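Should a chain be cited, it is by its letter among A, B, C, D and E, assigned in written order, with residues numbered from 1 in that chain.
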Amino acid sequence: MWRDALLVAGKDLRIEARSKIALNQIAPFALVVLLLFAFALDPDRGFLQEATPGLFWIAVLLSTLLVVQRSYAVESADGGRDALRLTGLDPAGVFLGKAAAVFVVLAMLEVGLGVGVRLMYDTSLRGWPVLLVATVAATTGLVAAGTMYGALAAGLRVRETLLPLLFLPVVAPVMIGGTRAFAAALDGSSGEAWRWCGLLITFAVAYVALGMLLFEPLLEDS
Amino acid sequence: MWRDALLVAGKDLRIEARSKIALNQIAPFALVVLLLFAFALDPDRGFLQEATPGLFWIAVLLSTLLVVQRSYAVESADGGRDALRLTGLDPAGVFLGKAAAVFVVLAMLEVGLGVGVRLMYDTSLRGWPVLLVATVAATTGLVAAGTMYGALAAGLRVRETLLPLLFLPVVAPVMIGGTRAFAAALDGSSGEAWRWCGLLITFAVAYVALGMLLFEPLLEDS
Amino acid sequence: MTTSAQVETAGRPTEDRLDSTGSRFTRVLGVMVVLMLVMQLALALVISPPEVLQGDAVRLFYLHVPLAIAGGYLGVGLLAVGSIGYLWKRTIFWDLLAASAGELALMFTALTLLTGSLWGRPVWGTYWEWDPRLTLTAVLFVLLIGYRAMRTASTDPHLRARRSAVIGLLAAADVPLIRMSVDWWRGLHQTATLNPLNPSLDGMMLFTFFFSMVTFTVLFVWLLVHRFRVAWLEEQVADRALDEAITQRRAEGQETQ
Amino acid sequence: MEPVIHLRDAVTVLGRFPALAGVDLDVARGEIVLVAGPNGAGKSTLLRLCAGLAPLAKGTGQVLGFDLARQRREIRRRVGYLGHANGLYLDLSAEENVRFWARSVGAPPGDAVATLDRLEVASRWRGLAVAHLSAGQRRRTALACLVVRRPEIWFLDEPHTGLDAGSRDLLDSLVREAVAGGATALVASHELDRSAALATREIRIVGGVAGGVPGADERSDQPMGEC
Amino acid sequence: MEPVIHLRDAVTVLGRFPALAGVDLDVARGEIVLVAGPNGAGKSTLLRLCAGLAPLAKGTGQVLGFDLARQRREIRRRVGYLGHANGLYLDLSAEENVRFWARSVGAPPGDAVATLDRLEVASRWRGLAVAHLSAGQRRRTALACLVVRRPEIWFLDEPHTGLDAGSRDLLDSLVREAVAGGATALVASHELDRSAALATREIRIVGGVAGGVPGADERSDQPMGEC
């Protein structure tokens, strides 16, 4: 299983390294989202500062959507969407591999975004340990859920539209948890922040486990 | 030109009628976006009511993205992305046709979304004439820009990610204009609302004209 | 399209009668449902007293809560059961159970939202509030829409069954969250009133409430039985159409040779 | 008579690679030209260039009297091109696809049905979404989309791919008919025996340039040579 | 000896359509079976069923001793399948694609290079992203991905498509070699003459069921019949 996961993750990251989609397109996209929403939601700084965690997670969420979409687009770009099934790789391994690749890309993106937010909205980074834990947990949850729903939508002709529909409501808890944890941490109430981290970790663990269990029927089908 | 536009629009709408993507997937997606943002932005009603116009336009914007993506995905689903070029149809006609089909889908979506917003955020619809004009103008602008940028990204392997990146910054004025016009109209200051409408109409006219002019080189290229 | 009558004359014996989705049992159930609904309306609208604080608005209570519980627990619960059953046994029965339950759950959840909003207007002074339970209920609604979207996204029955089973299972996870949300987040929405020892509910109201609960549960079961049987019969018609199609398909070869 | 295709030193660059490295070609009306050559030689690129789909980087070219650099739209609306990919709309049925192409040249509605009948598109799958068709059924649909436009030049890139024996013969007779009616055809193919029987002339593309007739060495590889 | 493929009354339903309507088939180890039949007959579906890619709706089937209904993953990892589409990763080069498939079965790294050499993948395009390759070059890459896995059964769906004369011969000799080494092959094809020369047995699929050897009527449509 681990060997298969490594193989799949290596392949996906190599494709990413070749095409540099995350760097050239998704990262700028995330920044655009930050800016645009700042526009749309009243350019009144006082409020924006409060909404910063929310905006950060919205940008991450929409980027996750794109990264996942891309991750499955490469599988069926050449007409055949059988490659992964034909290899006979372990489904749990495939899940872990694809999720790991998405995680790596997303983590890099978040660092960039974090710096952007830090500069643009002038947020101070008090309580960074809890911020870090919350970020990792939330990202893991997003990635695991995204990888599963990506597989659910993959191969259907309607995937571009089905994926967001399925994915966004499910990760609503991550949105809330991430936003609240950040808000609490930035307010200095780290106790509450850790409680939200608990929710995020639960979600992440649950989805990783579900993914490893349920990926088999998803790869299975024709 | 008009004949060609009709032909293309008819084809696109027929595909939509067949696959019912807008109804089954994009409309619920727009609702999800509304919900999700409400989460992310602190469930404080006072603010939400103020942000309603912004949320409406963000939801419309993201839906436009999906509709445009879908509109070009059907062109290259079968590997060949030459069909529209090969037909030798008038580029301006193709542009108008594709834009018209997107417009129709989007208009239906906006009606649904408007009802949703009305109910969920409990907004009253004062000054509906200016709201209507603003909506039509903003939608036309979004659709025209979307159709152009969709064509730019079409056929590239990176289209899923390139389109949002190109499209979002360009329509920032529409976002601002639409939001402000709505906000002004709902506040009862219809004079200001009409001024924003002016901006929206200018944008719409400009992009429709640009599209008709520039679509030729876009279709042209190989 | 093969009508059910034609299928029957095609003469393959089954225990199911194909001309209706009812049976003796469901007809009795149906009559019961109607009677109970009439009684329930009488109880809720006329017989039971107005509440001290809410006045007549409380009457929505007898609609809202049973709908929420039948849709959320029964509907989504059966959706989860059907989904697990399918993934385990891989038979179409479980898929259809999940599909029927999911559809009804969608309907009931929509009605919960509607009655809740209507109730909220007089009681909270607003149709909608970003309260955790309300929001999560809205999320459930969207998840169920997603479930339906998947069911329409593919015509391949197996692919559809497998993928929607996974989605159904994941959607069901929202329900415990809804349950716990009032305790975790303390929003506007009522915490559990369904406490038999709760003295604040007077006798007639308590009776009306329990009667409503039973009524809506029976209504749900009745609708579910019918919805399931429609799906099941459709499946059987498709099955027979398949036999027919196989014959036709084989004949394709005969023609060309 | 003026040639319908006239290329001089035509170069096409894909990415940074000169897929066509200076092709000279003249094709007269009524010819059926077989374009042969090994994989990656530039056959598809040549067809795409002449159909106005690939850019002309250097050299000159006219097709049907129109300039390949400046009047590509005029060319495109007059020619038909069947590539490696079919380029059909997957959500529409075979019939709707053909109707779309028919209307794009303003052909009368009856033409679409006539063409489908001609191509023996069985009624079972005529109304089925193309996404559900088999490889050969799709190819036949794509062919019908080309035929219904009555193009002046037919560019066929390995047209026999996926077609069954009956359809192959049908395709050949369609091409012959069209040519008898004043059209011209360029056929890129690796099924040399079948295509050679159809063609009136053969050219060989190797390394992005056009040579003469194919060498005998390649033909002898075919089973036909053994019979 | 136990057959490597054993189907009894196998039905495969796509959407609601019985693409296979009850196929009986036994293939012994070492056979090269040509699967012939008109467009839409169910050839591709049969190959996909046996490769564990399409579902078995009714009937029974074993491949390599594994049950087609319950042990599809075991089957998939042991067989190779080349479909109408190549299913390559377009952003990776030919070499990287082959390496990926080699590693998926744990083949030694040297195998990938050896296979590429064997398939005459020229160094010019060995490192080029597959997206930039010509149709035939892609097909050869896809073939290399199959060969490098040393599958026990080769399912080839119109494998000659897009290949030039040299590659066609190479493909045939590869199949013969593999079969000599204990593999089995099923080849669906419309190029009956070439494939018949390769095959040790022919079956004909029409209307979703397997018939006997192809009728003489179809063969006579081929140019070979005329020569």
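One rule holds in what follows: contacts are C-beta pairs under 8 Å (C-beta built on N, C-alpha and C of every residue); 3 or more make two chains touch, one makes a residue touch a chain.
Quick caveat, the model's predicted, so the values are computed rather than measured.
Shared contact partners of chain B and chain E comprise A, C, D.
Both copies, chain A and chain B, contribute mostly matching positions to the interface they share, with over half of the numbers common to the two. Ranked by distance of CA centroids from chain C, the top chain is D. Chain E has its Cα centroid 38 Å from the Cα centroid of chain A. Our note on geometry: chain B versus chain C, Cα centroid distance of 35 Å, whole angstroms. Our note on geometry: chain C versus chain E, Cα centroid distance of 47 Å, whole angstroms. Contact with two or more other chains is made by residues 84, 90-91 of chain D. Counting only residues that touch two or more partner chains, chain A has 19, 77, 79, 157-158, 162, 165, 169, 172, 220-222. Listed for chain C are residues 135, 139, 142, 145-146, 149, 153, 156, 158, each touching two or more other chains. Touching chain D in their complex are the following residues of chain B: 3-4, 7, 11, 14-15, 18-19, 74, 77-83, 85-89, 91, 216, 220-222. Residues of chain E that touch chain D in their complex: 14-15, 17, 37-40, 44, 84, 125, 132-137, 139-140, 158, 160-169, 190-194, 197, 218, 221-224, 227. By the touch criterion given at the top, residues 148, 152, 156, 158, 162, 165-166, 169-170, 172-173, 206, 210, 214, 217-218, 220-222 of chain A touch chain C in their complex.
Those residues of chain E lying in contact with chain A across their complex are 48, 51, 53-55, 72-74, 76-78, 80-81, 83-92, 96, 100-101, 103-105, 129-130, 138.
Listing the residues of chain B that touch chain C in their complex gives 20, 24-25, 28, 31-32, 35, 38-39, 43, 45, 48, 119-122.
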